[in-house]
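Please find the structures below.
After this come two complexes, each holding chain A, first together with chain B and then together with chain C.
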Partner chain A sequence: MVELIIWTIIKILFILFFVTLPLAGVLTVVDRRESSMIQDRIGPNRANLSGDVWDLSKRWRFLGLLHLLADGIKMIFKEDYSIKSGNRWIHTFAPILAFFPGLVILSIIPFGGNVTVFGSSTNLQIASFDSGMLLAFAFSSIAVYGITLAGWSSNNKFSLLGGVRATSQMLSYEVVLGLTLMGIFMIYGTLELNTIVQGQQSLKVDGTPDLLFGFLPKWGIFLQPFAMLLYVAAATAETKRAPFDVPEAESELVSGFFTEYGSMKMGMFLFAEYAEVVIFSMIFTTLFLGGYHVPYLYDSGFILPFGWGSLSINPTLVGFIQMLTFLLKVIIVAWGHLVIRWTLPRFRYDQVLRLGWKMLLPLALANIIITAIVLSFI
Partner chain B sequence: MFKIFLMSTTESLSKSLDLTTTYLPIVMMIVVALIVAFGMLALSIFAGPKYPSKAKEYPFECGWLLDSKDTKRKHSIKFYMVAIMFLIFDLEIVFMYPWAITFRQIGLVSLVEMFIFLSILVVGYIYVWKKGILEWD
Partner chain C sequence: MGVYIFYLFGTGLIATSIVAILMKNPVHSVLSVVSSFFFLAGIYAGLSMQFLAVIQILVYAGAIMVLFIFIIMLFDLQKSEYSKDRFLWRDLVPLALILITAAGFISAISRSESIKNYVANAKLPSNFGSVSAVSFEFFGTSNSVGRFSFLFEVISILLLSAIVGAVVLAKRKL
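Our next item is the complex of A and B:
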């Protein structure tokens, strides 16, 4: 029991304070730099540590990453005014409701295999239980409350419209999200994420690798390519980022549901968005990209396909390699998600809902039916 | 009798211990996430300066301020329809999860049963579509 608590604290500290929050913070800068590169601008690069150095090339700017620090300090020391006309208490606590549910989802994500440190062995996953993904769905629904209440309590028409739009958009795409992942759950027969990851790259009973066509690992992206596309669309809509950014919609609603927010409260909404991007990337990696698996690397070491030989590696080393692989995959997926944001034009509000209900929903149902038929006849 | 009672209590005790080990990490995670969120909120409330003024009390609006005194009035029914449809479809999806998980164990029977269930769902979906609830213009 004590061992469990210590391990849990270590894992929470690691995944929250060394992975998710720093990565989300870096993404806020990377997002702007990447957009500037796509749009042929220079982007934010002025924050520097060297003070009044005349020569620009001799300033310590670290690729503009210091803007992360500058933004954080600025937001903390801005004036935090509380509104008089709306509902003040709900207005104050709505950012919390929007921010914390995303972090709780981290607890079901396996970010590495089994490691043994000082004779104590553990799975690199904070909580492992059968209802797995249902917890993720449940907590992502709680985040809807934060946004709705933020829009409603501000007593501002832009906020109200943004909040109502966010609610209907997130509810619509939650239906699609639930249906697209059904195929994955059918194939691997569980909702528990670590079991799904192990199902994606496993050994047969006789010790040979279980591969598709003799060389492809059984990752979700190869077994459910269509569900992958639907999931990317639905999850992008869930994070409320462009091309699905109608709840914020700078050009029509000022800044949507957080128009009446300032200082770190607004920062929490923005930061929650990037934290959601990281969490989306983690779930995507776990379900479709084989989670922490390196292709052909098993618990005992590499086993290559076509009988090209094998190489045995210390299991604890394998555990750490898998953890690094998971982080690398997450960073690549998050980068791709930012590219989606800056290369696609925005939808109009009615187009967002039409896409969700009239196109993605029937396609997701068709995906389930086809998966069911294929699974029952092979 | 006593032995059975003892056995059942030890069993329930071990079961409750099992529940604790399963769900304790989640509780810890929720607590840490709440601490982080409240910490950020407290930072914003206590660290910044306070310069209250009359102009800051008005909600942000383009031009006509008097009109935005009260926003809690009627708005489009289409948003409510989306919420109602979400309730119906999400319930259907919840029914499908147990089926999806046990699908490979049960086999062909469950396939037929789920097709009946899905066809009822699709009939409702077509009805909603024909009624024009999915139109936003």
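Our next item is the complex of A and C:
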């Protein structure tokens, strides 16, 4: 029992303070830098430790990561004004409500295989929860409150419009999001994420690898490629980033639902967006990219297809390799998500809702039916 | 352990429900109802019905109450439009009736021998409250029909008719 509690605390601290929050922080800088590269600008390059702003050769810039520190210091020390009209309590509470529910989803994500440290063995997943993905849906829908209440409590027409847009957009796309993943749940026969990950790359009863066409691992991306496309579209809309950023639409609504926010309260809305990107990447990796699996690497070592041989590796080492693989996959998916944001122009608001209800929803339903028919014949 | 979870979440549930009635501002009321749903989900989870707990948050807190907030936002109520009901002594009559009825129920349940026997002999299956156990009751296996299959389908038809009704009301000319 004590062992379980210690492991759980270690896992929570690791996934929260060593993976999600730092990665979300780095993504804020990556987003600014990447946008400047895509738009052929120089971008942020001034923050440095040497104190010399003008001499390029003397600067210690640490790949521009100091901008993260500079942004943080600026937001924390800015004057924290509260609104005069509107609802002050809810106005203060809304950023908290937008930021924290998403972090609950981390508890069900398996970020590595089984590891043994000092003779104590554990699965690198905080909670093996039977309703798994449903918990993720539930808490991502709770995050809507933060946005909605921020828009309402600001007592500003732009904020209200942004809040209304965000609510209807997120409610619509939650439906699509759930239905796109139904095919995955049907194939692997569970909602629990670790079981899904193990189902994506496993050994048959006789000890040979369970592969598609003899060489492809049974990852979600190969079994449900169409659902993957729908999921990326729906999840991008759920994170409210371009091309679906109509709730904050700078050219129409100033800043949308957080127009009346300043200092770290606004920072929390921005940071929540990047935390959502990280969590989206984690779920995408878990469901479609084989989670923590390296291709052809099983618990006891590599087993290559076509009988090209095998290589046995220490199981604990395999566990750590799988953890690093998971992090690498998450970083790659998050980077791809940022590229989408700077590549596509914003949809008009009615287009967003029409895309959700009239195109993605019927396609997701068709995907479920086709998957069911195929599964009943196998 | 389970009893303490029940008392903890039960107290929270009653407190947030009372706050929901007493608040003048409708948005505060809705938020209070949402937190009461979380306490209810906690009670479900304490009874090892984790699927029901998650569905409670997903459907009620995550979808239905968001629609409530959405509609209140669109009404854009001013302070002058809030309810002006004052406290009257006659309001205590329904409260007293509710308390008396509840006390009656509780004493009847706590004295009933058959319920005591049932609780003493009840054995939960090891997967009680999980998704697979619930879906077994609803859908059965490939060879058998679940206990509630028929009811489940009837409720689906009821919901379908509600959807059709909503579409007909919204679009007068089809």
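What we mean here is this: the second predicted complex is superposed on the first by the 376 of 378 C-alpha atoms of A that agree within 3 Å, B and C clash if a C-alpha of one lies under 4 Å from a C-alpha of the other, contacts with A are read in each partner's own complex, and residues count from 1 in each chain.
Simple rule for what comes next: contacts are C-beta pairs under 8 Å (C-beta built on N, C-alpha and C of every residue); 3 or more make two chains touch, one makes a residue touch a chain.
Just so you know, these numbers come straight off a predicted model, no measurement behind them.
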| item | value |
| --- | --- |
| Which superposed partner A:Leu135 touches (first chain B, second chain C, both, neither) | both |
| Which superposed partner A:Leu171 touches (first chain B, second chain C, both, neither) | both |
| First, second, both or neither for A:Ile90, with chain B first and chain C second | second |
| First (chain B), second (chain C), both or neither touched by A:Gly163 | second |
| Partner chain(s) touched by A:Val144 [first = chain B, second = chain C, both, neither] | second |
| Partner chain in contact with A:Ser50 - chain B first, chain C second, else both or neither | neither |
| Chain touching more of chain A, residue-wise (chain B, chain C) | B |
| Shared chain A surface residues [contacts with chain B and with chain C] | 129, 134-135, 160, 164, 167-168, 171, 174, 191 |
| Chain A to chain C touching residues, read off their complex | 87, 90, 129-131, 134-135, 137-139, 141-142, 144-145, 148-149, 151-152, 160, 163-164, 167-168, 171, 174, 191 |
| List of chain A residues in touch with chain B within their complex | 1, 4-5, 8-9, 11-12, 16, 21, 75-81, 83-86, 92-93, 95-96, 99-101, 103-104, 106-107, 126-129, 134-135, 154-160, 164, 167-168, 171-172, 174-175, 178-179, 182, 185-186, 189-191, 254, 259-260, 263-265, 267-268, 271, 349-350, 353-354, 357-358, 361-362, 365, 368-369, 372-373, 375-376 |
| In the complex with chain A, residue positions of chain C that touch it | 25, 27-28, 31, 34, 50-51, 54-55, 57-58, 61-63, 66-67, 69-70, 73-74, 76, 127, 130-132 |
| Complex contact set, residues of chain B against chain A | 21-26, 28-30, 32-34, 36-38, 40-41, 43-45, 47-52, 56-61, 68-71, 75, 78-79, 82-83, 85-86, 89-90, 93, 96-97, 100-105, 107-108, 111, 114-115, 118, 121-122, 125, 129, 134, 136-137 |
